[in-house]
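Next come the structures, one after another.
Paired with chain B in one complex and with chain C in the other, chain A is shared by the two complexes that follow.
This part shows the complex of A and B:
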């Protein structure tokens, strides 16, 4: 039984794909083409978007804001998180605001961002950066605060200095939390970049969705959605694997 | 007996008192964990400490290790009062205390590296003790790849390689299965018989307390006090014969159990009334 479960079967996923896509094709053909598109139409639309270069251009715009915003979030979020974690009071003061920002859907602040940053690249960059940076710093702070007291005591019993304590105990202990923050931050960044492109400045892959919607071309929307989904899956899976690599660092 | 009286004790405790606050507020309730503990431990002595749960054994050991500060009293190591952890004392922790991000060799060299030993010297010393506890095949393994018994062998190798002559062990085999524990008791005693380090060893296990000790320190519940110190007259090396069948083993064990039992029964009666 267990052996059966472990053996990866290609037939089941394949069957599932055939059924889903087959069903989609059949249902899609019978629905008003302004509302829905079967896979055959989506495929045709996809090759058109690719050959015209529209998709590549859109993806490039999206990636630029995504990667730059995320890189800035990592660079700012980690040091900020360390300060927040190491200096309890500072973290306590900031915590309610950070949680409030973290919990508020970003669409509702889009009008404010327009006022502050306009509707250009900077505004979209801010949407990616800010929420991602908060996720990273909150997690980093948690990692710094959650140093295992038993290991701190071990190092203390062997007369480690403060610097040695930081280097051999506190920092390695915080790494799994930081990596978890990097993954959550990436998820936040991906959502942020698309919101910016759909509601701030109609460009990039989010823009393709928005224009597909106004042009009543569901196939076009689905193409952009698929690209975003694949991109997001690759990024999040990679960070997820990184996170798992550091899992054993949390406990012995 | 006479010459040991003249020698400076490895550790002396004078009037150790410790209370804990149960919360941070100023008028918080307090618990008296240790009440006027006086004790003298000879160089090279193996002392085991046993007593009901919560009687202050861990607190006492942490105070000896200078990981906790006593409210009153003094800890004197080799004639010198101490207040900070030092290189003469090394701790073996109940939950092993290995760094999950360090390999076996890195864990064992940690205390030497902290003291800026040259890398190859630290490595040689560590390797010698890793071999001694039979883990030479696992030098580059991470703690999570090892069983509990193996992890504690690393903990022991780490303490030994510091060169400390006083080992402080808080239920080191408590989290290890019974058969492995027995084997590790034998290994520890063999190492002790070779090196005659001073060992203070806390345990919940009556057999273990008697099996290993030169003297058993019996603590009493509530405000932690030394109830009795029982010498164990059993020849060394102890694992060359069936120690448990020795009449002194049964005598000492029976005596300690009787005392512990009284304490526990009394505690139950107090709880009921």
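This part shows the complex of A and C:
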């Protein structure tokens, strides 16, 4: 019976979709179609947003800040993580601050970002960049430090040179950690870009949500939420698959 | 290669902290711009002011209450759904897609919707916290209860424990406790973020509201002073759960 549990089924999700969306449609229509936005209203709103080009334009603005900020985070985070991992004293001293910043909800840092970077593109870029760079560098540092001792020993006994050691043991050993950092960093970056668009400059997909909120149009908000969720799922799933691909390199 | 001991690291970190605070203080004094970078001394003065006026205690109390209510509800809902999904294939395939989608959506994007649908009284804020925290609890309950502790169940049966519910409580839940706590730890971290988001979005109550209010008055020293206890709150909750987790690790 339990082996059965994981067996995929197409009918059950479809059935539940029909139940949930049907129920939502009926309840939403009977109470207040504008406020409770049944699926038909959301679909109509979606096609309107697509044909007017508003959604494409917003997605483009969001992507630009997201990809630029994330690319900068990767470029800065990996080298910084390598330095932190290789020079353990520096890493140990820095670690608590990075963890503290990472643990602080970003919405409360928004007032500080306004004071430091204003509310324009740079401020949004910083929200994307900084937290995802922390995730990437902390994980990279962990990877550099956790070279598998058994492999290091084997390499030593075969008198591997420093370069060979780095090429064949240290770098492959660090890659799974780096990839994990890339995934966590991407999750952070996606939330960061939305925070920036809702709290700093009302643009992009986050801006669509914010304007939908002030116009009291839940359908509009739901469209933007759906696009964000799909976009995020695609990015994170891709990195997740990459992470799994390298999982076996991690050793026991 | 010499291995660095724990006390070595602790000493380095203390020196690092001293250097960091001193550098901050000196930089801030030279810049003399309280708006951009308040000095450490000014931040602590602001913190003291917030504490002695009772503002901080009140806000923290409100936030912690929100967290407790939100996490309790998340745990109950997450537990029921997780148990369902773990024990029934039908429930798994009917419910899982929604929760995967909820997990992938940034909580912040849902806040305006909650605002429109539920208002921003206390119930609305609780719903935001629950939306943030319920999925990790549900996933961990599901994965904890799915691994069937077959030998334990057999032993319990032969000692006369009867019925699926009794087995669930007396064997399966206890066997799954470490996994459940890991989920709770993840959920607590997300709940703190949800709390901050809910409180900040409309500048309503709690520590998030406090930060937002001082932020819009451009009193950066007070903003720093209020962020500090919020970060500590999050770190403390997560590390307490982590500590219980390590103590309970029976496998």
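The criterion applied here is as follows: the second predicted complex is superposed on the first by the 238 of 252 C-alpha atoms of A that agree within 3 Å, B and C clash if a C-alpha of one lies under 4 Å from a C-alpha of the other, contacts with A are read in each partner's own complex, and residues count from 1 in each chain.
We adopt the following convention: a contact is a pair of C-beta atoms (placed from the backbone, for glycine too) under 8 Å apart; a residue touches a chain by one contact, two chains touch by 3 or more.
Fair warning: this is a prediction, and the values are worked out from it, not measured in the lab.
In the three-chain model built by superposing on chain A, chain B fits alongside chain C with no clash. A simple residue count on chain A separates chain B from chain C, and the partner touching more is C. Once the two complexes are laid over each other on the shared chain, residue contacts for A:178 go to neither chain B nor chain C. When both complexes are overlaid on chain A, the residue A:58 reaches neither chain B nor chain C. Shared-chain residue A:221: touches chain C; no touch with chain B. By the touch criterion defined above, A:250 reaches chain B but does not reach chain C.
In the superposition on chain A, A:150 makes contact with chain B only, not with chain C.
Once the two complexes are overlaid on the shared chain, A:123 sits clear of chain B and of chain C alike. Once both structures are fitted onto chain A, a short way to say it is that chain B and chain C open up an angle of 90° at chain A, using Cα centres and rounding to the nearest 10. By the touch criterion defined above, A:138 lies against neither chain B nor chain C after alignment on the C-alpha atoms of chain A. Of all C-alpha pairs spanning chain B and chain C in the superposed arrangement, the closest lie 6 Å apart. Residue ranges of chain C in contact with chain A, taken from their complex: 4, 9, 12-13, 15-16, 20, 35-36, 89-90, 92-95, 97-98, 101, 104-106, 108-110, 112-113, 115-117, 146, 148, 189, 192-193, 195-197, 200-201, 207-208, 211-212, 214-216, 218, 220, 223-224, 226-227, 230-231, 234-235, 238.
Chain contact summary for the complex, chain A toward chain C: residues 2, 4-5, 7-9, 12-13, 15-17, 20, 35-36, 88-89, 92-94, 96-97, 99-100, 103-105, 107-112, 114-116, 190-191, 194-195, 198-199, 206, 209-210, 212-213, 216, 218, 221-222, 224-225, 228-229, 232-233, 236. Interface residues of chain B, counted against chain A in their complex, comprise 65, 67, 84-87, 90-91, 93, 95-102, 110-111, 114-115, 142-144, 151, 162. Within the complex formed with chain B, the residues of chain A that make contact are 150-151, 153-161, 164, 168-169, 172-173, 175, 248-252.
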